[in-house]
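Same chain, two partners: subunit A is paired with subunit B first, then with subunit C.
Let's look at the complex of A and B:
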């Protein structure tokens, strides 16, 4: 069902929803950006509709609500493992279409790669309902159209589009109709806005021969990329983590096991005891990351991992463009095919 | 909801000391398990380490651990009279029945002998054990693991025990495992099967020698190690191309393994 609300009506609806749900959304943090005079858009719990940033792309993705950068899994006390408590109130999570598509990739790894489901992911996932933020225009570096993540027809509880002070809502979760019909000024069909054109285009080859792994195109990143890992941390589809044990005091037997976000671009990712390491240069690490996004994940699960949000390009301090790399791969594949390989 | 991250306590039934740095911990365990699978050994406040199953028996599994760092140090420091926390078993492991018919060669180096110890023992008990070969290599005579097993295997199958280097006066074989492959008295290398486990360079050169000898790629099996943080296909560290070593391996047919590129 579709509804049109004034700003006041929307604010009332959010207040009403907060009685049942915790609401997480992109929030503007003053001066927290890459430079001190730049704001950052980060995910946080909100207390009211005015805190929700509906107009800009968030710097970090919505995945942090499901997989926090650092998460305590359990506590150790005298040989017993006690699972960390979790706030069991349901959650409404505001995100854009690309990020909603990205959540399918998170589910794929955490719930459907291997026989075992990830307990800590699943218990959060079951609490989360998505709220789709419509996109009235493309942002810098986005290429969602080419990655087919620009439209979301289902998988959300309701959508929201704001224009000139009016909020247009499409409710898919019928339990929420009551809240919006009370707050609305009118009912009409609402289709969430979506982007149909991006400035950035990528071309992903249908088949990518294995020779691409040895192609010289990766070499320039050995010198250009500094291995900071920011491109992984902002990516809504990256899932890797490292286990980390901590203890509170040397003599106490009390401590905890955490998992923390991990990056395949950062030195140490593959280190094994005795000094062994499997990808030593940044060029090899770039090859590993990029081919996962556009080839290896697809080989395993049947669809591409990357959703084209462009955040990796937004964040890179070395001005490395991942969408450019995809196109370089496509050119290299073309050249290989021409040579008849 | 089942939580696969929570380890279970397992009593240390016995500790067998092979070298100063390598002990076998015999752990109470009754579930299903295969040689070549692994457990995550969990030491609260220190972390976890994937360790191969080096032996299986009624009510126990053996874990042979080399002391190399944070977690493994702590196991050696505090094991006395204790139990360890485990989760697993993980990975596919070896299917011993694949190696029952015909000639089989197992080539293993150092702690690489652990995951195939159960396989070699099974081969040595087969009726056609005279068609089974094991080439086991260690750095030096004092680095040898599983001395009792080596003696028992020697009696039943064709064992070549070698060391990379030895003090003067050492009577046994000296040289890398690769040196012995060319001279194996096999009737039909083209149909013979091989298992190769050890450090990456050793595996690479062993496979080159096996192929020179006439082995077919599809008859070669390898076991891989990678950094692992979960064993469950979630943490990503063990991934190579579209393969998760912890889920799809660590045991691979060489036809699949030869295309993997880290």
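Let's look at the complex of A and C:
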């Protein structure tokens, strides 16, 4: 059912929902950017509708709510081990269509990749309901249309589109109809806004021959990329983590296990026991990352990992464009095919 | 051409240079913070072509000098610099008469946070505020602003040098222990960070507040403090007798205190400057060397309430060359 709300009505609806749900959304954090007096838009729990940033692309993705950058999994002492407590109230998570598609990739990796489901992911995931933020226009570096993540027809509890002070809501979760029908000024059919055109386009080859590994196109990134990993940390589909077993300094028999985000671009990622390191140069690391997003994942699960949110391009301090690399790969594959003929 | 009968002291005070070329002078344009709008720069060009010799000097202190001006054209040039003075909002005592003083020098600023990734505050804005506070004044005072501890503006050569600082804020929940802050603090800064149990520890005594950790953090675990802080370094100088770098005076200082301290300095100079100083000009540092640092502190801290975080050096010792004592 669709509803139209004033700003006040939307604010009331959010207040009402907060009685049941914890609400996580993109929030503008003043001065939290890398540079002085530059804001950052990060995910956080909100106390009211006015805190929700509905108009800009968040700098970091919604995945942090399900896979926190740093999460204590359990505590241990001597023979005892205790899982970390988790707030078990249900969660409403505001995100855009690309990020909603990205959550499918997160589910794929944490819940449907092999025999075991990830316990710690699952217990958070079961609490989360998505709220779709409509996109009235494409943002810088977005290429969701080419990645087919621009439209979300289902998988969300309700959607929100704000224009000129009015909020248009499409409710899919019938349990929420009551809240919105009380707060609405009118009922009408609402279709969440989505973009149909981006400025940035990518061309992903259907098959990519293994010779691409040796292609010189990766070489320039050995010198251009500084290996900071920002592209991975902002990526809504990156799932890699590493473990920290920490023993408290004042009592070494007590400690905790943490799971923290990790990045295939940062030094140390491929280090193995005995001093080995599989991918030494940033060029090799770039190759791994890009091909994982547009080839390896598809080989295993049948669809591409990348959703085209463009955050990796937004955040790169060295002006490396991932979408441009995809197109370089496509050109290289074309050339290989021609040579082969 | 009539006889030249020029009051040189007045000429200099009016921001015209005494030139070695007889009959010529140079007009000195103040550009606080080193930022001039393109229209005003166009007017500088016009003056240089109309009254000068078509050459423009960029000065060491971010000002401009227009050389080759005939001394008899000084009044005309003063009329023409009026628009530049207005545009750069320079305090003036009489319209159309050019700059009212030249003793207190142009206030310098590096590009700072308007452009530079490392800048911890808007250096230009602060420099312009300082200019408004201390100019016009005949006393020889140099103030310079730099955005971070790199000190690209070389503020340690000034009487008052202001170095931007940020107090890094750490959110352990966003930290993945990638250790880039530790690496870059060690390589680009002072090595104040270390890893303990998977999280980063900052040595607050060692930290200089440069913000390198914030710049390199890939997850926003490190962010900048809401407050902009400053390190105030004082009484650096070049010159013949005892050139020396400015020394640390206040760490984590606030903007308001710095403005007051600079303004208060003038009363101290009036009281203690050598009455026989050549051209009534003496670096503050030499006056302080004579009166002692405590007397100086007494004057500059008048009505100043430092912020709580401020750390004031109780004693300050300067080094440098002592050519006047030990020769060169």
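By our rule, the second predicted complex is superposed on the first by the 337 of 341 C-alpha atoms of A that agree within 3 Å, B and C clash if a C-alpha of one lies under 4 Å from a C-alpha of the other, contacts with A are read in each partner's own complex, and residues count from 1 in each chain.
The rule is simple: a residue touches a chain if its C-beta (ideal position, glycine included) is under 8 Å from a C-beta of that chain, and two chains touch if they have at least 3 such contacts.
As the structure is a prediction and not an experimental result, all values here were calculated from the model.
Enquirer: Would you check which partner chain A:262 touches, where first means subunit B only, second means subunit C only, and both and neither mean what they say?
Expert: Both partners, subunit B and subunit C.
Enquirer: Please indicate which partner A:70 is in contact with in the superposed arrangement: first for subunit B, second for subunit C, both, or neither.
Expert: A:70 contacts subunit C only, not subunit B.
Enquirer: Does the superposition put A:110 against subunit B (first), subunit C (second), both, or neither?
Expert: first
Enquirer: Applying the touch criterion given at the start, work out whether A:81 contacts subunit B, subunit C, both or neither, answering first, second, both or neither.
Expert: First partner only, subunit B.
Enquirer: Mind working out whether A:97 is in touch with subunit B, subunit C, both or neither, as first, second, both or neither?
Expert: Neither partner.
Enquirer: Using the touch definition from the top, say if A:229 reaches subunit B (first), subunit C (second), both or neither.
Expert: Only subunit C is touched by A:229; subunit B is not.
Enquirer: Would you check which partner chain A:246 touches, where first means subunit B only, second means subunit C only, and both and neither mean what they say?
Expert: The answer is both, since A:246 touches subunit B and subunit C.
Enquirer: Once the complexes are superposed, what residues of subunit A are shared between the subunit B interface and the subunit C interface?
Expert: On subunit A, the residues that contact subunit B in one structure and subunit C in the other are 242, 244, 246-247, 262.
Enquirer: What does subunit B use to touch subunit A in their complex?
Expert: 1-7, 9, 43-48, 68-69, 72, 85, 200, 225-227, 229-230, 232-237, 239, 241-242, 244, 246-247, 259, 261-262
Enquirer: Enumerate the contact residues on subunit C facing subunit A in the complex.
Expert: Touching subunit A: residues 113, 117, 119-122, 166, 172-178, 180, 196-198, 211, 214-221, 223-224, 226, 228 of subunit C.
Enquirer: Per the contact definition, I'd like the list of subunit A residues that touch subunit B in the complex.
Expert: Touching subunit B: residues 73-74, 76, 79, 81, 83, 109-110, 113-114, 116-123, 210, 213, 239-247, 253, 255, 257, 259, 262, 264, 269-274, 276, 278-279, 284, 288, 291-292, 295-297, 299-300 of subunit A.
Enquirer: Can you tell me which positions in subunit A touch subunit C when the two form their complex?
Expert: 29-37, 40, 42, 59-60, 68-70, 228-230, 233, 242, 244, 246-249, 258, 260-263, 266
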